[in-house]
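Per-chain numbering from 1; labels A, B and C assigned in written order.
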Amino acid sequence: MKTHPMKLVTIIGEALAREPLTRLLETAGAHGYTLFTVEGSGAQGRRVADIREFANIQVEVIVPPAVAEELLTALERDFFPRYAMVAYETDVRVVRRDKF
Amino acid sequence: MKTHPMKLVTIIGEALAREPLTRLLETAGAHGYTLFTVEGSGAQGRRVADIREFANIQVEVIVPPAVAEELLTALERDFFPRYAMVAYETDVRVVRRDKF
Amino acid sequence: MKTHPMKLVTIIGEALAREPLTRLLETAGAHGYTLFTVEGSGAQGRRVADIREFANIQVEVIVPPAVAEELLTALERDFFPRYAMVAYETDVRVVRRDKF
């Protein structure tokens, strides 16, 4: 079984960001993503008073490393100042490279 | 805290594949899995016209590396020709090896 | 794009553990977590008769490596004897270290 290295980019943020976020994924060339609702609590900023409950979305997308870099850069520049959001990447290996 | 290397295999596919997929997991010797519903969009095939919205399932299972290899091989051979599906593996470390 | 290494700790367990689990995350200094409901099947113990269907929670939290170690130690000591639960960690890279 030959597998291929890719990046899984996970984005957790307020549901308000959904439309611009999926547009960003398309623009960046992502071939597909999954999205589901999560509960939780997070720190918005650094003051304790900012900690709050939320109902939020978790978006997961698998992309080549260069696209992951591009996505994370755009998220930090255009989304983080505007939305409560975190993003991280994970190394994964996919079965069929042509699907991503 | 001693942790042990395992593989997390993630499978995203149409809900239609649920029954044969969980049977495959049992046959392969997986000791447990989680399953949840996701939204998203994905490319089925390579033509733009094939891109579509879907409500789908995401299945996650932690297994030893040899079982991951077996699972991915069976998925590519028996499931990918039949179902809209992607699969990938991630290196993880578990607390108690005997649970997987 | 500078990213920073962190640990993603994933905990899957019965919903009954939710309150003590979120208290543990706060005590350990986690700055946020996500939580969602999953279906699945798992082996509780080692007898085949113990395999059962469940509706469960999956909690994901990103923390520095030392906090991951502390969390996994506390889970094994205080939660595993009491609740049906598994936990594992994954290496991830985050965009903004100060959020975690």
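Heads up, the rule we're going with is that a contact is a pair of C-beta atoms (placed from the backbone, for glycine too) under 8 Å apart; a residue touches a chain by one contact, two chains touch by 3 or more.
Please read all numbers here as calculations on a predicted model, not as lab measurements.
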item	value
Same or different residue numbers at the chain A/chain C copy interface, by half rule	different
When chain A is superposed on chain B by its C-alpha atoms, the rotation angle in degrees, nearest 5	120
Centroid spacing, where centroids are CA-atom means, of chain A and chain C in whole angstrom	20
Multi-chain contact sites of chain A, meaning residues that touch two or more partners	36, 90-91
Residues of chain B that touch chain C when the two form their complex	1, 3, 6, 8, 22, 31-36, 62, 90-96, 98-100
Residue numbers on chain C that touch chain B, as the complex places them	10, 12, 36-43, 46, 56, 58, 69, 72-73, 75-76, 80, 86-91
